[in-house]
Amino acid sequence: MPNNDRQKTVQEMEAPVVNLTVDEKSIDTNPKKERPMGREYPHARRDMPEKQLFEFAEYHAQDAERTGYSNYSYWKSVWANFIKNKPAVIMTIVFLALFIFTFVASAIGKYDINMKPDPINRAYLPPSAEYWFGTDGIGRDYWAQVWYATRASILLAVLVSLGQIAVGVVIGLIWGYVRKLDRFFTELYNLIDNIPTIIYMTLIALMIGKSLLTMGIAMIAFGWLATARNVRNLVFMYRDREYNLASRCLGTKLSRILFRNIFPYLISVIILRMALAIPGTIAYETTLTYLGLMDITKPSLGMLLSSARAIFPRASYTLLFPAIIVSIITITFYLVGNAFSDACDPRNHV
Amino acid sequence: MNTDIHSVDFDARAKQILSQKPLLSAEEVEVTFMLRGKKLTAIRRASLDLYEGETLAIVGESGSGKSVFTKTFVGMLDKNGSITHGSIHYNGEDLAKFQEKDWLRIRGKKIAMVTQDPMTSLNPLKTVGKQIQESVELHQGLKGSAAKEETYRILESVGIHDPKRRYKQYPHEFSGGMRQRVVIAIAVACNPQILICDEPTTALDVTIQAQILDLIRRLQKERGMTIIYITHDLGVVANVADRVAVMYAGQIIEIGMANEVFFDPWHPYTWALLSALPQLGVKGEKLPAIDGTPPNLFNEIKGDAFAPRNRKALNIDFLEEPPMYEVTATHMVKAWIRDPRAPKVEQPQAIRKLSEPKEEKGTDPNAYHPHKDPNREALVEVRNMQVTFGSGRKKFVAVDDVNFTIYKGETFSLVGESGSGKTTIGRAIVRINPITSGEVLFRGERISGKISREMDEKVIRSMQMIFQDPMASLNERAKVDYIVSEGLINFHLYKDDHDRQDKVQKALKEVGLLPEFSSRFPHEFSGGQRQRIGIARSLIMQPEFIVADEPISALDVSIRAQVLNLLNELKRNRGLTYLFIAHDLSVVRFISDRIAVIHKGRIVELAETEELFLHPMHPYTKALLSAVPNPNPYIERTKELLVYDPSIHDYSVDGPKWVEILPDHFVYGNERELDGYRKELNL
Amino acid sequence: MVKYILKRTGQSILTILLVVSIVFLLMRLMPSDYFFTEDELIKFTEEQKEDKLRRLGLLDPPLVQLGNFYMNLIKVEQVNDAGKVVTDGTGHLRVSLNLGESMRLEKGQPVTKVIAQKMGISMNIGLISLAISLVLGVVLGVLQANFKDGLIDQIGTAYTVIVNAVPHLVIYTVIMIAGASWFKLPMRYSGRMNTELSMVLPIICLSVGSTAGYMLWTRRYMVDELNKDYIRLAKLKGLSNTQVMFRHVLRNAFVPLAQYLPYSILLTVGGSLLVETFFSVPGMGPELTKAISRYDLNLVQGIVLLYATMGIIGVFLGDILMTLIDPRIKLTGKGDVR
């Protein structure tokens, strides 16, 4: 190479010259070793004689390189921030206790969910030692009904929400990343979004059926929209960031870019969406049941609430118990969702 | 152009300053931020006196605290920050003790500030005129039509013509440079005594930057304002400053008249900063770079903060903080090296080059140029490339009819302003952007458009790209190990996991990083380190050709030299070929063999580096060259700024051509223009 | 601008046609029994049934039916002063929309007439509630943002959380009971007597939720704006916090809110399913559900047409409104995700 003759001058230069090929000996190959955050220079001591103080010190390339180390981890900070939000933490514990209790309650209750109705003798008995939550209109134990319904509603809500989020995320990722499909999904979105969902639900209920499975699938089929749009907008934001361009330069496959480069940035949004979808689904189930669009043979919170409404002035406890439970579930997820989204915002990592 | 604003007599200024009492005096100011439960001391007892009528430049790298320091003068610290020690005396009051309501008397009225990013600093929904008028009404006591008249006058005075029409326009109808003029107008409309300019030209192109600097200087003269100018760019400092303060790790480590700091600096950090300037570098040699990264201000700093990066540090530098030593009455240095007990050292050679009048280097007849080699090998050829975005009425031609050839072993640079299409060309070559027409050849084979799978893999493995923004170019949620080996994983270029890790460590070592870094996440690294991780990611593919898209423009001055040296070293050791994309001609001159100047998607001139600097032909090239900041205050202030006006080209009758006007020197123009260029060259 | 509006209008009409066509064809998949009233089903002989189906054109292939539907959509008749249809050329022209007749729910009534009547009631309640919740929501949201993290903000946030958390059914029940027992307000809507008074409770119920919504968004947009760079410059000018709030933040925060305003106003015609069922308001809300459950196919079609049209026009007007208040937005022909 013609530059060889110039190499000499490099060596001769007296100004500080960087040596970018790191000295092998100065590298500590054991990364696990504990490193002090503050720097220590054993070669310079306070009891040094004055003459020595004003002598040149040894130079350590490593020290210069290592100065900018901070012990920050994104998810650790998210967790620390979340834990700081006391109401959310307390409600999470309450909710978990509630969910576990739904199993315990069925076991300790005096009556079974399949108890024989007796509308003549036992209708609307107020809470008592025998019937802890009273009885319903056809004389069944309300305690068993309420806890069974709670468990069923939570499970339904979680499953439906998971379905909505999963479909939403997958569609959102493709919608956002594949430019050619943007127009198609946009039109599809607008088409579905232009008509209130309840219309679709009504049509489906009456044309296909009102069974739990059908309505659950219908809820997923029309519930992914908001998540998909949200994910799509985020993907738009990250899609042309330089690190994704770099991946394309390196020949990384689309699926890998979506999964390794973009998906990790969406986790916070997905969890937030999930947290908000669960109470949303419970509320929606209540509405659907009330409108008679959902056929439920076993009790759900929605069913209990809508049947309690008619009898409310006479037997207020029938509304009270499910209402309290629904409120606890909803408030929990709202608080958790918001606390989590706040915790995920790097600006709040203070 | 008004020559009065260029004249500078630093000795007279120094006398003037010494005879005054300071206008504003900050003493031992300490600013701390609470971050993630930890205390960050951003300003470590810094003191500063400001004198009436002067322009004081505060220069430093990101994180040095230059911006935070001046924010305390207007009470605009972020919520989690506070002044924990010291005082700021102004007008007989202590600003450090001010509450929010007290600030309403000072902020804007007495001390105004021009912020960095003109694109986001203006309210997008209010007309430009209204936003300035708000200032006028608030501080000059004018109302209604009188305020409007005054607004017109101010618009005119900041160089916005046709103020009546411009008054009614919204910020998005203004270009970046024009918006910055509006921001300045808002500050000036307050009629402040002190104007703080916080990197007002960092986001702007060089030619626009030069105009804004002229404007600031003129306004200062007209209005007798005192200016604090914050920047990281020593060229800008040379342009505006009477006095210069150098900040490092939250302290002012050297302060003096501009000529003193540039020609007779005494802090090792100032030395390092100045010597690392590519303008002073000798082609083919290493730049004297500064090792490592600035200290983490979360940690307690003992002694001189610069000591660990200083190759000539004294033992005492690690133990005790140095006091301020007086070099002259106006020049102070916070370095033990000025202590009478310290060994005598001389300033580095590179510094002396600054004060010596720079002789034109001209073309070194012996320099090796790959494109002149009889056995030259065309590596990348771009033929009639056109790239358009959008369609229909919104169609926008980003790159138009571009032709060039890059030969194996050379560094070919594309220089242009933002929006000129230079990045688009780079991305089109590595096939991130599709091209609309024309073709790209690699070793004579077409690689644009549809190509076979084998060819695709071959191209990916031999062409890589380095990106501009080290903060955005690494996946924050992946470990360095994955980031660097991504290419290996894609093509299974390793035997087993152990082999892969080995390759990663080798790549890291090659770019001067510690192998242990591979298990960490990107956010733990500084900009320069991240940029080197990005380079390692490209290198692991063993490429022949690298598109480097402004690889150093987002880096701090002290880090730039590291990366430039690395690129040059890799070129030598691996025989790499670069397409180097930049907006800064001084960097380009140091690193490239040939330069192509691009304007509005078209290459207007292409020549060997020194030839281009010696005989620029196209008026745009001339304008670009005239705007390049020079780190010598005397030269920088007397330079003549050329402004390029594209309307001088009349291509209606006589169409332009791409012509080789001298051997290996191409220019774009029509016959009449070419005749003019030939006359200039005495051909 | 004109070109843009024309283009968007064309696109909107196309979308509406698409929605209506899909619904129309879905309806034709239903068994033909549903085109008779319940009485007719019992009384009619097969021949009579066939005769009626032929008369209504229901024996044609579905696509031909769709074509006929659109052909007859706009009805031009001559009517005399009394409104009777005449053929002798003495009357004046009357153009009306022909969506067929309701088969079962409102036997023999033209669908347009049924909708017009119900729409009025729904809009009455909807618009009043919208006005209330918009004013309340925006004012409270501004207060929340201005005193961010203060007491007002916390109370406001608690309100929005509770309203969103507690099932609406429960909230409505509580409001109904409270209103009825403490203020002696009618628990049911009445079209004949005390109409105004009987509207109070439905209006309150409707407003409770939407007020929370407007509060939430106003606060969020305000806070978003407060974090922007130009706020810093406004402060550097020497403006006080209150001045910054009123001169800069408020208007900018209102822009995204305004986009949904036309949509919200137009959708009041649809009424609220839950509230109207709850208070037995004879509005549009429950009409679709009822029509579907009774298989009143023409009515279903008509209502879907109404919803789709209102929704699409609402979005369209929202976009135009945005361009009027936000100078940055250039009109482009491309529809985008909101």
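All chains are identified by letter, namely A, B and C, in their written order; residue positions are counted from 1 within each chain.
We adopt the following convention: a contact is a pair of C-beta atoms (placed from the backbone, for glycine too) under 8 Å apart; a residue touches a chain by one contact, two chains touch by 3 or more.
What you see is a predicted model, and the numbers here were worked out from it, not measured in a lab.
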Ask   = What chain lies farthest away from chain B once each centre is taken as the mean of the Cα atoms?
value = C
Ask   = Hey, which pair has more contacts between C-betas, A-C or A-B?
value = A-B
Remark   = Note: chain C sits from chain B at a C-alpha centroid distance in Å of 55
Key: Inter-chain centre distance, chain A versus chain C - centres from mean C-alpha coordinates, in Å   = 32
Ask   = Roughly how far is chain A from chain B, going centre to centre by Cα mean, in whole Å?
value = 41
Query = Touching chain B in the complex: which residues of chain A?
reply = 1-3, 6, 9-10, 13-18, 20-22, 27-31, 37-39, 41, 43-44, 46, 48, 50, 52-57, 59-70, 72-74, 77, 241-243, 245-253, 256, 260-261, 264-265, 349-350
Note = Per the touch rule above, chain C residues touching chain A in the complex are 15, 18-19, 26, 30, 161-162, 164-170, 173, 177, 267, 270, 273-274, 277, 286, 288-289, 292-293, 295, 304, 307-308, 311-312, 315, 335-338
Query = Considering the complex alone, what residue numbers of chain A touch chain C?
reply = 186-187, 189-191, 193-196, 198-199, 202-203, 206-207, 229, 232-233, 279, 282-283, 286-287, 290-293, 305-306, 309, 312-313, 319, 323, 326-327, 330-331, 334-335
Query = Which chain B residues qualify as touching chain A in the complex?
reply = 34-36, 80, 271-272, 275, 282, 284-286, 288-296, 298-300, 302, 307-319, 336, 339, 341-343, 348-350, 368, 427, 430, 432, 456-457, 460-461, 463-465, 467-469, 472-478, 482, 486-487, 490-491, 509-516, 519, 521, 523-526, 529, 534, 537-538, 541, 561-562, 565-566, 569, 572
Message = Residue numbers of chain C touching chain B in their complex, please.
response = 228-230, 232-241, 247-248, 251-252, 255, 325-328, 332
